[in-house]
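To start, the structure under review is shown below, and the notes come after it.
By letter and in written order, the chains are A, B and C; residue numbering begins at 1 in each of them.
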Amino acid sequence: MSASHDRRGAPSRATPAVTVVIPTRNRRASLCRTLEALARQTFPVSDFEVIVAADGCTDDTAAAVERFDAPYALRLVQLPGSGAATARNRGAAEARGRLLLFVDDDVEPSPGLIAAHVEAHGRARAGGAGVSNSARTDVVGIGPCLPVLVGRVGLFQRKLRSWWVSEYERLARPGHRFTYRDVLSGNLSIGAEHFRRLGGFDTAFHGAAEDWEFGVRLVKSDAELVYVGAAVAWHHIDLGLERSFQRTRHEGRADVLMGLRHPELRPVLPLAQGLDAHGAERLCRMGAFRAPVLGDLVVKVLGWQLRVHEALRMRRAWQGLSGLIRRYWYWRGVAEELGRSGSGPAEFVAAAADAGAPEPVSLDVDLANGLDVAEDMIDLVRPDALCLYHEGREIGELPPVPGAERLRGRHLRPLLFERFGRELIGVLAVAEVQGRVRAGRHPTPLHPEEVAR
Amino acid sequence: MATAVVEVELLDPPARIGGLDGYAAALVLARLGGRPVGQATLPVVEGSVDVGRVHEAIVTDSNRPLWDRWLQLRLGIPDPEPAVEKATVAVCTRDRPDDLRRCLDALYPYLEAGHELLVVDNRPSTRETERVVAMYDGVRYVREDRQGLSAAGNRAFREASHEVVAFADDDTVPDPGWLPALLRNFSDPLVLCVTGLTMPLELETEAQEWFERYSPFGRGFERVVLDGTQMNPLASWRAGAGANMAFRRSAVDRVGPFEEVLGSGTPARSGGDHEYFARILAAGYRIVYEPAALSWHRHRRTWEELRRTVYGYGVGVYASWTHELVVGREFGVLKMACGWLIRDQLPALVRSLLRRPGRVPLDLLLAELRGCVAGPWAYLASRRVLPMTGGWP
Amino acid sequence: MRMAVADLELTDGLEPGLDATLGAGLDAGGTMGLDVGLEAAGYDAVRVLVRLDGRPAGWVTVPVSDIERGGWRAALDTVAKQLGAVLAPAVLLPPPAPGAVSGAVSGASAGRAADWGSGQAPRPGPGEALPAISVVVCTRDRTDNLRRCLAALLALDYPEYEIVVVDNAPSDDRTARLVAGLPVRYVVEERPGLDRARNRGFREAAHGIIAYTDDDVCPDRGWLRAVAAAFSEPDVMAVTGLVAPAELETEAQRLFEFEYGGMSHGLSRRVFRRGELRNTGLLWANAIGCGANMSFRREVLDSVGPFDPALDVGTPAGGGGDLDMLHRVVARGHTAVYEPAAVVWHHHRRDLRALRRQLFDNGRGFGAYLITCARNRTVPRAAVARFALVTWAWPWLVRRLVRPGRFPRRLVAAELAGAILSPVFYLAARVSAARLDEAGTAGPGAGASRLVAAPSSAGVP
């Protein structure tokens, strides 16, 4: 179907340790920047290869790759425009390395990126001495793609940059509990065999969220998700507001597909949370479902108003309006996809969960035995839900979260601090009183003398 | 009568704090495990303060910073590590050798710990400052003859050898934990500035007490991340005071340097720091207010100085707003000016005229209002004399 | 929903299975103690005042069904859930035990023991002996109530105090007979009027602190200790305390307590100083306290003047005399403290008719009190007028008439009626007070005073 040929030049080992897979589509300059950055890696060039999966490129990308003078093994795979998921799968199929590293074409790696991912995989494996071990490689490394704004920088771009940085700050927190939405394929490392076992990305998702869908399967298969903070890359974002709205529309469609593919996720999808909203959000939903043509027109006009707000520096108004328009496009995408399946959003969410899904495992933890003991127990059992107690007194309950990894010991303390702080303090106060009482004060009931009469 | 300023560590408090004869009241700063968690002003009875009353005022169930810290200690969650190992501490000073000496005494341990200590002498009239600095081994001395605190700050940016530059005013005394607390907030790449909590060093005179009551530097005890994409950048007063702040040097590349038209030492009298905060926020970056970065500021002692400071504050705020309006086309300053006038200044004026309890002295209010009126003209005067250095995103 | 009232002292413990240590409000028989037969007795819930080392921490409502199911352990779970955060300040970060004075800035303090201290009362003054207190109870023809009250007073845990019973214009000698064998001082004040009785009590009292309470009130065992602790600061001149409901059996009592607000003033200590209060704060004297639980130093009663007899409403309790005195104390520059650890248990009116009468008297009394304030010019007259209309009448009376919530309109109307008629009643009261004064100045000691038995330490070990 498509030709794949070796780029002559650099001597390559028969089995390189790492294969970097870069799906690309009509971004020749950006791709070259990425390739140049890969030439400056600290990881030895003889130990990795790069596969560029050019997907329906019309801008001379193939020729540029051919001409590129790389110190590492560089191969090109061409596809006729089947989507990023297919491109990545194809690149992975051609890969010879034991560790796959997916890097997007607008992402510029820092010199230590590959080394950081390799180290993360090696470290996470028990007794691992580098990538050469072929032990059970179920580690998935996610590295940060720090945003660098390119082109016109307006209110939207700044907001986007802030959002991305907050995302990675969240991942970087110790004790972060990974969910499927944390799996981002712009800077992702996974064992090649593990990837093949899981069947790669789902090609039905083109345009958005194929990495999230992959994340759902990763979480279900209990892979160990690791944030590799040292694997810094810079994501050159050149995204205008209009294109971002279309992205959101694709996300809406992808969410529906996700709900169809993994029914237990439906209650936690963004569209489920938007169902109870009133006011403007509800209006957006109605418009997207009932009158999309009119809605598109209205939104176009609002888009001009948005530009006026930005020019006049009316930030709060801009914020509110752009949020509204985004919600509209989200519901539009949802409506398109749901329209095909024929049900409304409420029914979609309420549909019964997959009968084959395993029962969530809940664990009772009594903190009076000590936090270390509790952490060890959680690491042993890996529950989906927790009931927290202290000396038999209930602190609170953490319900199962679909799409989130099973609990680990390191999640406990941040969880207690952020979600159960107040209850914990209350229970500890009462326990402290009881403890002091037991330590030696005798109860003195209040009994006055009866009045002699 | 004067107010004493004392500290209490709640994990190990004494029953009473004594030795306060001669004071009518005490401002008590409470710490939990070293971190400031609250303050209370209590009357001094027979030379001492009952710490039980401090507890009643501060250890309440609604004091979130306190209970967050308590829970953090109890759960054994450590503080994050500093994001950068070494930083430059810069002190911009002008003809205040005694204050500078006290400040350098407090900062010298940082030099010994490996950080860089830099003194920028701004248009001195004598060589006294240079002599003071020479007494401290290893402290760099730089003389900046261009007018204004902003120019001195920009010189500090240029002279600094490290990526993070922490500024301490010459009339402040930073706490031992000041610099590490600032530095650990720079791991977020969008944070360009971190400000800290500034408490009064002493409240001996009435002028100092009134300054603390009227416009304290502190912004509370809860850590706040101000994200320019989520708030009104013009409300930069939320970030705190310029007496206690640290920047990434790359902020100069991303948003520009301090605006030399504004700030102390220029016709615009003050406002250079607030304008910079606003500019950082308007460019979509973040400022963190970190109350654990504690510093003690010596307020002006005489009433005359207080009045001048309040006047200068009014001038600076309006001058920086005028700058933001003219250069940045930020029409929101008009709304802010009206809001300030209607919500704060006019009611305070009315309360003062009607002699209600708790009123601010009339001459302070009038000084501030006069400053506000003079602000835009002062800005124009400053523009005529000085070059503009920052822009607006 | 019938509720029992209980007083839970957390330091007395609640081990699983141990259920005898809860005390309840006094019932008519004068005994305390709550059986585990609550559901049989017809109660739906228990309203518990949770205390820590004597200090009230909060109120919890525990459904009886929970107790029947899980024992009092369930009660403790409810406490943990509802009050845990409130308890935390006192328990997890306790204030230091009273010890020696240390240096100016905190350092390591030597010898701080994590001690519960003396148990029921809050911190007493460092090293001082507890001052002697005179408790004054003014009563009029309510012998049964008085019996209950005296039972509680005689059981107070305090080393040195006396009880003065002022019998105000008695119509028979039941009260006299009641106190005959008891170690209390009995005094008769012939001229009717609660404030006259209070003044008489003050004159008869022997000690430096005079603690007033009403005859329908049962003071808590640690009441005087808490009062003494509050007086340990030398500049405190008046101390008021928490007035908690002794029972919540009838609907009238529940309405009064929950919908009207009862007589409680919250659970946090407050200090009232003139310099810190605006006129509104000075005039809202019910925020400072009420006559069921107020104590004064002798010198402040001497200097600020006697209770004003023109504020009596002719009923055994009620009227504005207590508010007026508290207002005057603060307005003249003295410090008053509301100390919630000084708890008394008040028997609210049981039936709706009595409650309506009570609220009418409240309105009357408050109106008369405001008029007195205006006459005494403790606060500028314009401020009093503005307060009366804008802060009192409109939100409290008129608006609640329109939107009473769960409180019956008739009762709001009763209070409003009292308020409107208060000037009339006030004038009448002034006239009759003046007449009584003229009549009473003749002859030595208006009203006989009978010393029954001089009490030594009338407290229970």
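Rule of thumb we're sticking to: a residue touches a chain if its C-beta (ideal position, glycine included) is under 8 Å from a C-beta of that chain, and two chains touch if they have at least 3 such contacts.
Nothing here was measured: the structure is a model prediction, and the numbers come from that model.
Peer 1: Looking at A-B and B-C, which pair shares more C-beta contacts?
Peer 2: If we tally the contacting C-beta pairs, B-C comes out ahead.
Peer 1: Name the most central chain, where centre means the mean of Cα atoms.
Peer 2: When every chain is reduced to its C-alpha mean, the one closest to the whole-protein mean is B.
Peer 1: Please tell me the distance, in whole Å, between the geometric centres of subunit A and subunit C computed from their C-alpha atoms.
Peer 2: Chain centres of subunit A and subunit C, defined by C-alpha means, are spaced 61 Å apart.
Peer 1: When the centre of a chain is set as the mean of its C-alpha atoms, what distance in Å lies between subunit A and subunit B?
Peer 2: About 39 Å separates the centre of subunit A from that of subunit B.
Peer 1: Could you please state the distance in Å, as a whole number, between where the Cα atoms of subunit B are centred and where those of subunit C are centred?
Peer 2: Measuring from centre to centre gives 48 Å for this pair.
Peer 1: Residue numbers in subunit B touching 2 or more other chains?
Peer 2: Residue numbers touching two or more other chains: 67, 70.
Peer 1: List, in ascending order, every residue of subunit A touching at least 2 other chains.
Peer 2: 422, 425, 428
Peer 1: Where in subunit C do residues touch two or more of the other chains?
Peer 2: Answer for subunit C, listing residues that touch two or more other chains: 85, 88, 92.
Peer 1: Which residues of subunit C touch subunit A once you look at their complex with the stated criterion?
Peer 2: It is residues 7, 9-15, 18, 20-21, 23, 30-33, 52, 76-77, 79-81, 83-85, 87-88, 91-92, 116, 119, 147, 150-152, 154-155, 178, 181-182, 221, 460 of subunit C that touch subunit A.
Peer 1: Going by the contact rule set out above, which residues of subunit A touch subunit B in the complex?
Peer 2: By the definition above, subunit A touches subunit B via 146, 153, 155, 157-159, 161-162, 165, 169, 172, 312-316, 319, 371, 413-414, 416-417, 421-422, 424-425, 428.
Peer 1: Report the residues of subunit A in contact with subunit C in the complex, numbered from low to high.
Peer 2: Interface residues on the subunit A side: 393-394, 422-423, 425-430, 432-434, 436-438, 441, 443-453.
Peer 1: Quick check on the complex: what are the subunit B residues that touch subunit C?
Peer 2: Where subunit B meets subunit C, its residues are 4, 6-10, 12-20, 32, 45, 48, 51-52, 54-56, 59-61, 66-67, 70, 356-357.
Peer 1: What does subunit B use to touch subunit A in their complex?
Peer 2: Checking each residue of subunit B against subunit A gives 67-68, 70-72, 74-77, 187-190, 227-230, 232-233, 283-284, 286, 328-332, 393.
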